[in-house]
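Read from first to last, the chains carry the letters A, B and C; within each, the first residue is number 1.
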Amino acid sequence: MKRIVGIVLAVLGFAGIVWADSTLSLTGAGATFPYPMYSKWFSEYHKKDPNIQINYQSIGSGGGIRQVTEGTVDFGASDGPMTDEQLKAYQDKHGFPVLHFPTVLGGVVPTYNIPGVSAELKFTPEALAGIYLGKITKWNDPAITGPNSGVNLPGEEIVVIHRSDGSGTTYIWADYLSKVSLEWKSKVGTSTSVNWPVGLGGKGNEGVSGLVKQTPDSIGYVELIYAIQNKMPYGSVKNSSGAFIKADLASVTAAAAGAAKNMPADFRVSITEAPGKTAYPISSFTWLLIPSKFSDAGKRDAVKGFVKWMLADGQNYTEALSYAKLPKEVVTKEIRALNEVR
Amino acid sequence: MSTATTIVPSAGPVAGSRSFLSRLREGDEIARMITFLFAASVVFITALLVYELWVSSVLPRHKFGLSFFITRVWDPVFDNFGALPFIYGTVVTSAVALCLAVPLGIGASIFLAELAPARLSDTLEFFIDLLAAVPSVIYGVLGIFIVVPLMRQFVEPALKNSLGFLPFFKGPAYGIGFLTAGVVLAIMVVPYIISVSREVLLSVPRDQREAALALGSTRWESTWKVVVPFARTGILGSIFLALARALGETMAVSMVIGNAPTISASLFSPGDSIASVIANQFTEATGDLYTQALIELGLVLFLLTFILNGLARILIVTTSQRGSGQGNA
Amino acid sequence: MNPRLRWRKFVSNFMLTMTGCCALIAVSVLFFILGNLVYHGGTSINWNFFTKLPVPVGETGGGMANAIVGSAKLLLVATLFGVPIGFLGAVYLAEFSGNKVAFVVRYAADLLNGAPSIVIGIFAFTLVVRPFKHFSTLAGGVALGIMMIPITLRSTEQFLLSVPRNLREGAMALGASKWKTIVTVIVPAAYRGILTAILLAFARVAGETAPLIFTALGNSYWSHGWNEPTASLPVVIWNYALSAYDDWHRQAWAAGLVLLALILVINIVARAILSRGVSVPRA
């Protein structure tokens, strides 16, 4: 017995030793969508400056907003911009505002599984909205067959698949549908989790794609990255200029460039249905949430240094991981905005 | 020789004759107080948890009041929240899980305790305990990729063809839904039943078994009619553990239940459970009313557990008047 | 042999075979899961896995050393926090308490057991993380420890109560005080069951993800001491398994395999160490 107690105490003591070191440690948490990108960036930045360790964990955009407001993390990250109430809550709690900095872009694509159909389908906004509202129930509905004249679509019931967990992907999808369909906007609305009129839920991109693959005559939506990395077939979507765009990194960046002209100074903007001939209509930014005041000068400089690096060299790492880079217009605006972090 | 009678555990220190000081000196009173402190801390932690949930769900409680229990809508955009579909889903999936896990678990524990040679029993026990350690994410992923197709292609059509006249087996079979979630849950809770029941069965005194056999019963009869009833409170305790685990399971269920807030008699239908909704939506929930509504769901689950536990206890008390074994569960 | 006896014998053989089948099903499920883990993740297990820190997607040579150590630290704190409460509480219920108090404590433990793990995580967040304004291993350990309490308590109580009466009476007849009886006779007699209870609780929390998300958070680097966020195997598995990258999927399976292997080893070692010195013959 004494032996065991002795061993336990020794292990405790050993593990409890705090290494004295000069590294500056920062903790950030939030959005899951950019997690692979951020881990690559923070790792590269650490190689560049080994004294700075930035630990980012993906706990969800809601979690990121909550934790940065609570002050338990040094910065947050979110796939959807903070609302006015949340900004006010932060301001009230800390006495200074929190700033948004877009980092990369992503897109959401419609994926489907129709036995006998291997062609790439073209979807109009009306078709997508109708399917997800439960109004369009069969694959051979005119709204779907219209732009797909060469394809033989069956008369089967469409099995609609959506996300079961709250996510930025759902936010982007619902935001797009709200813009293209008044009925969706008034009945369902936009949020990380909505009251779906029809359909089954799968957890994560993995869950949705798994369900779509296994369920005949189904349709679902997944992140572009996921579709690319897993070589999934997906359809093209008609954008605001009338062109059917199949999502890829270039068309997503084009959407941000198109929206850059009218972007608000705080970068809180939705870029779905963005103007531009080559823009992919279901695209979105993801943001870092950075406090405008740091009590620790070391941390502040580390964060600012990282963001500067991210806007320049960092953007070169995006393509390899299938993220779309920020357009030049947005980068210039952000560099200027960085001065507000004191 | 005393084994045929009911064993009543000692209730409190030896009555009367020893003074407080003598008990203190002998360490009994200190032991009593220390252990009481720890037992009380359990109640304290639970009470604190309920209190925190209560305090953190103030917004939806004021807005919806009791209608939270009967509303079927869950709309984060328009801030309309109701718990009914999730209560239904929790109850149904736990019921399916227990219906599958209890016979399987008790059967397996009987085998391990009564029939298997000691070494085999111990070895198998190590492995079955491991089932309790598998992270629920892995159960979920295996559920999606193996259990769901199995259900959709073989099990559910078979059930539909043979028992399709029952309301439980009607409707389209997608593979995900209440039944699949129940099956996955059953696998997750079975190790608790097996592990604890086996130990309890092993601790039944040998003379019980031998007395039955001496009276001419078959092996099965002595096991089922004498040994198992003797161990009934332990076995029932293990079922409580399993039930609690089933009610609170988040990850695995959320991946196979279909996540549609529907209430349907059919087991093939997709649905949702309280724990799964909280797990799915809490990290991404923005907005105070939404977050607090999820916490209120946690409170509802507590209430559900409270009621189910109470019902189960009543059931035990009414059926344990007859038969042997310890008197409390 | 009369027909009734023949029937009873048949029933007996049949039912006993059925129980064998039940055990077979339970064990085969486990081996099926293990097989899947090995099949999908086996290729990712190498020396790097156990010694290196994680690397971003696309780079090779990374591992989960910090997650393995982190899980070990979390489980240590959880055990030190949850097991004494569960065990000593059970001793009180089995040996000292009256029926009313016992009823309340048992009920509370069952309630606690049924709480979804994410709720416990949120609870530990409000208790340990929010006041101190940072995530920590300690907070994660507390969350897991709270989850260990009910299983430990209820099962230990069962096993203490099942110690035969004559053992207790024998000790008392020899003049032992109550607590001495407990320490020297009752607990050793029930030790097998108690160990089972503790190991079961341990196994349960070893695989839990949700409570750790808001308490220990996660860490891409080494976590020093007890006050920093730490990586853990279940959280890493969760992050990797639900990602888009095949390489991360494989690593998630591998991590699951490692986690199970560790639990198995701890199981075996614990039973081996604590089996010396006591032998109450199996009934």
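Just so we're on the same page, a contact is a pair of C-beta atoms (placed from the backbone, for glycine too) under 8 Å apart; a residue touches a chain by one contact, two chains touch by 3 or more.
Just so it is clear, the model here is predicted, and its values are computed rather than measured.
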item: Touch-based graph of the chains, sorted into line, ring, star, complete or other; value: complete
item: Interface with more contacting C-beta pairs, comparing B-C to A-B; value: B-C
item: Averaged-CA centre spacing for the pair subunit B and subunit A, given as whole angstrom; value: 37
item: Distance between the centres, which are taken as Cα means, of subunit C and subunit B, whole angstrom; value: 16
item: Residue numbers of subunit C (touch at least two other chains); value: 213, 241-242
item: In subunit B, residues with contacts to at least two other chains; value: 141, 279, 282-283
item: Overlap residues in subunit A, where contacts from two or more other chains coincide; value: 59, 63, 203, 206
item: Complex contacts: residues of subunit B adjacent to subunit A; value: 73-78, 80, 140-141, 144-145, 148-149, 152, 174-176, 254-255, 258-261, 270, 272, 276, 279-287, 290-291
item: Complex contact set, residues of subunit C against subunit B; value: 8-9, 11-13, 15-16, 18-23, 25-27, 29-31, 33-34, 36-37, 84-86, 88-99, 101-120, 122-123, 126, 146, 149-151, 153-155, 158-159, 161-166, 168, 177-180, 182, 190, 192-193, 196-197, 199-200, 203-204, 206-210, 213, 233-234, 237-238, 241-242, 252-253, 256, 259-260, 263-264, 267-268, 282-283
item: Interface residues, subunit A side, partner subunit B - complex; value: 59-63, 65-66, 80, 82-83, 85-86, 159, 164-168, 174, 188-196, 199-203, 206-207, 210-211, 214-215
item: Residue ranges of subunit C touching subunit A (in the complex, touch as defined); value: 54-59, 73, 76, 80, 129-130, 133-135, 213-214, 217-221, 224-226, 228-229, 239, 241-246, 273
item: In the complex with subunit C, residue positions of subunit A that touch it; value: 4, 8, 11-12, 15-19, 25, 27, 29, 35-36, 39-40, 42-44, 53, 55-59, 63, 70-73, 203-206, 223, 225-226, 229-230, 320-322
